[in-house]
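There are two complexes below, and they share subunit A, which is joined by subunit B in the first and by subunit C in the second.
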Partner chain A sequence: MFNNLIFIILFMLGFYALVIKTNLIKNVIGLNLMEAAVFFWVISFSDIGGKVSIHKLGEEVTKFNDPVPQALTLTGIVIGASTAALLLTLIIELNKFSGTIDRDQLEGLND
Partner chain B sequence: MNKLIKKIMSLFILAGVTYALYQNFSLMPEYQGLNEGLSSYIIESGLNDTGSLNLITAVLYDYRAFDSLGESTVIFGAVSGIVLILSRKMLPVSSKGLSFIVKRTLGIMTPFIALFGLYVITHGHLTPGGGFQGGVILAAISIIFSIVYGSAFDYRRYSPQTKTALETGGAMIFLGLGLAGIILEGAFLHNLGFLTAETGTLISAGSIPYINIGVGFKVGAGLAIIFYSMIQKTFEEDF
Partner chain C sequence: MSWMNIELILLIALPALTAVIMYFSKYFKQRLRNFFAITGAGIELYLIFSLFVVNYEAVKKSDFFLQYTIGYQNTPFVINFAMDNLSLLFSLIVTGAVFLIVIFSTQYIRDKEHRYFALFFLVLAAIQGSILTADLFTLYLFIETITIFTTPLISFKKTEETTRAAMQYLFYGITGGIFFFISMILIYFKLGTLKMAAVAESFSLISAPMQLTIIIFFLLALIIKLGIFPIHFWLPRAHSACPAPISALLSGVLLKVYLYIFMRLFWTMISFDFLVNLHLNAFVLDLALVSSLIGHIFALQADNLKKMLAYSSIGHIGMILAVLMLNTEAAFYGGLLHIIAHLLMKSGLFLSSGYLLQRTLSHHIDDLKGIGHKNRLVFIAFITICLGTIGMPPLIGFVSKWYVLLAFLKARHFFGAFVVGAGSIIALIYYLRYISQAYETVKSESLSLKEEFFSLREIFNSTNIMKTVIYIFTLLVIFFGLSYQLFELPVNTAIFELLNPQKYIELVLGG
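For the complex of A and B:
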């Protein structure tokens, strides 16, 4: 199944950026990439080959895609944007206090 | 040497997680079709229940409107945290902005961007779109003001007080419609039956268009506040 393969590739790219990279902004990018992989997978999994679940006036459509995963994905996107903004704010403040955004060079965390 | 060991261990972890994911997904069955209880019901009677052509909007602002209220509360929490961390003073710190050509071009384009954002917000129950998506388009206008014309222009035209008022007003519209649902229909955020009109017109679908407008202003103002707080601090070091 093709969407599973793409999900694994995207998710592992995000996981790689989160675990191995030491730049904190790259970590945030990795977190967002993992989120995007999950959203992609949910949407592609619920696709049964029907139409987008929006009625058109004067047109009877018999086969719709499931609207519930799409609504939940919208919720997830908004939450992801909020967490990313908050994380970037914390990184800005961290840069002001310690002068670096590399987590290996932060003092007191490497012992 | 220590770093090398760390790197090798991280690669082991990556390989392990990839293998576990692969094993999991090879066991995953094909999608079995629509959920008989929930999804089929929404597809069959969503239009009659809510009057909204867009079934995703019907799920977001009617069946699960309480979830959307929580979602906009999350945005409010993020905005509160960012403003608390970043801004100790709300004075504008000027950036010069871009060249004359860019300013003129975006001066022509900005009204159309605003029009498109308002269109996406108000037609959320008829076409793809809705409050969240349109709100992000409206927030782009504030970002254009800050980058192209300088943050002082953004401060004068669209001050932080206005943004705060818009965000609070959006939340108040949402909550007010929820309370109106209690009073008139007997449940929190119940769709208001007397507002429904002929299906497919702009003002139909009960309280859904009004909730869309509230959420749109709330999201747009919230993202604009986030961007303004961030760019204020980053420019302060340059000038």
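For the complex of A and C:
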């Protein structure tokens, strides 16, 4: 399935950026890419080619898309946005203290 | 059937409301702010305790059940809160500990208290929500809420170390959240419902490979959140960077909440037989035991008091998870008792470490020099709780460890029994290292008369609520150690819920 393939590629790209890259901002981008991959996958799976589930009272609708995955995804996007904002705030703070946003250079400092 | 128990919503809404009040408390005087904070936590404790007392007969007969539903019953997606004996037990112990931690922090936190308490009560609301919720999506929301709101609390002191710890915590927490989301959405696509009870009824309809995928993603998410061995790096850093009350909240309370979620998922929702069929239970058991051993060994080399306590937490949580995976009645008894014991002891230890080293920024072992002479009674309390963690007989740590050991021996799992014993011995070594350091005599510089007068006045000025809280924790450790039978009723009814998930499922669906 085509959407499965895109999901795997996007997710792995995100995972790569999260784990391998040492730039913290790239890590945040990777995390968001992983989230975006999951959301894309959910939406593409729930789309069965039907109508939107909002319709007039008298109207006869035989086939409509499930609204629940869309609602879940919307909430997930909100959470993703807030965590990205929080992470970027922390990176700005860290940059003030240490003058770098590279993970490897941070690792050498203490611990 | 009673399905409109508004108390459950109150339990979540009350801390959230307190958080709003606390945020605007920067315009209040300090005394009024402390009053609101303690009252908020106190009313919460009163509510949950009165639920226990009013429904005592029902709890005794194990048919205690409260439920609240928002939305229509038969739609697939409905927000549903439910409370059975297991949730009651966890809600009770968590709220009790949080109440004491709030009292401690009214004196410990000295700047930006309004932000601190607002975030603290939001975390409490999210904790209560994740304990009471009965559907997967709300559970996901509350878990993410906990992660997001604890992050600013970890970096509350704003140094480089705390910022890094908070960032690492958030990275790992969100990755765990993504895994949880994947698993949840797979369940929705396969079964078309998110209610835990409905999932439990029809989980066997899913094909075996898909079951394996779902279970593995849930396990990954929870292993990250619990800090089990391969992914435990974030835990000691995060738990040692934050202010002492937050360390107590994270290490003492929050890890137990994740253990509760673990039980909810793998005993009520996905029945434990699926784990056994897929041969995952033995794997998780061994992983948890290795994690326990590694946590204790790493605690040996930690030169930082709070880091040592955090590593010891990894050891204890690994042990509890391992004993729960045995899936016998004795194992549940030992595990739940040790959850209560560890909650009391670790909160007490973190709070007293915060009190003992409140003047120094670092918590290095050298800072402890001579501290046993300066604050005698508090340090004796610290030693008492340490002995409880090791497993000295009259204290509660001994009772719980004894039952855990018995459970391992009954199941003929000797590696587990070895880890319990070895953990105690290693713990003795690393606690002794710190205790001997604290009683080292230091050459005291003779204070001038003026300075001495100054320090005396400081002692009399402070009312020392912090000390009182530490003594309360110590006395609770001693008292519950002597009369652990008090927990017999709540723990046994909680075990009943774990062994008979059918009751929960029927009541939620029948509501």
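For the reader, a short list of remarks on this structure follows.
Just so we're on the same page, the second predicted complex is superposed on the first by the 102 of 111 C-alpha atoms of A that agree within 3 Å, B and C clash if a C-alpha of one lies under 4 Å from a C-alpha of the other, contacts with A are read in each partner's own complex, and residues count from 1 in each chain.
Convention: a residue touches a chain if its C-beta (ideal position, glycine included) is under 8 Å from a C-beta of that chain, and two chains touch if they have at least 3 such contacts.
These numbers come from a predicted model, not from an experiment.
In the overlay built on the shared chain, the residue A:T83 is in contact with subunit B and with subunit C. In the overlay built on the shared chain, the residue A:L57 is in contact with subunit B alone; subunit C does not reach it. In the superposition on chain A, contact of A:L106 is made with subunit C only, not with subunit B.
When the shared chain is aligned, subunit B and subunit C each come close enough to touch A:T75. Contact with subunit C, but none with subunit B, is seen for A:F97 once the two complexes are overlaid on the shared chain. In the superposition on chain A, contact is made by A:F45 with both subunit B and subunit C.
Looking at the shared chain after the overlay, A:N27 reaches subunit C, while subunit B stays out of its contact range. Overlap of the subunit B and subunit C interfaces on subunit A comprises residues 45-46, 68, 71, 75, 79, 82-83, 86, 90, 93. Contact residues on subunit C toward subunit A in their complex (touch as defined above): 76-77, 137, 141, 144, 147-148, 151-152, 155, 158-161, 163-164, 166-167, 170-171, 174-175, 177-178, 181-182, 184-185, 188-189, 194.
Here subunit B touches subunit A in the complex through residues 7, 10-11, 13-14, 17-18, 21-22, 25, 28, 30-31, 33-35, 38-39, 42-43, 46-47, 53-56, 58-60, 64, 67-68, 71, 74-75, 77-78, 81-82, 85-86, 127-128, 130, 132, 199-200, 219, 223, 226, 229-230, 233-234, going by the rule given at the top.
Partner subunit C is touched in their complex by these residues of subunit A: 18, 24, 27, 31, 34-35, 38, 42, 45-46, 68-69, 71-72, 75-76, 79, 82-83, 86-87, 90-91, 93-94, 97-98, 106, 109-110. By the touch criterion given at the top, residues 1, 4, 7-8, 11-12, 15-16, 19-20, 45-48, 52-57, 64, 66-68, 70-71, 74-75, 77-79, 81-83, 85-86, 88-90, 92-93, 96 of subunit A touch subunit B in their complex.
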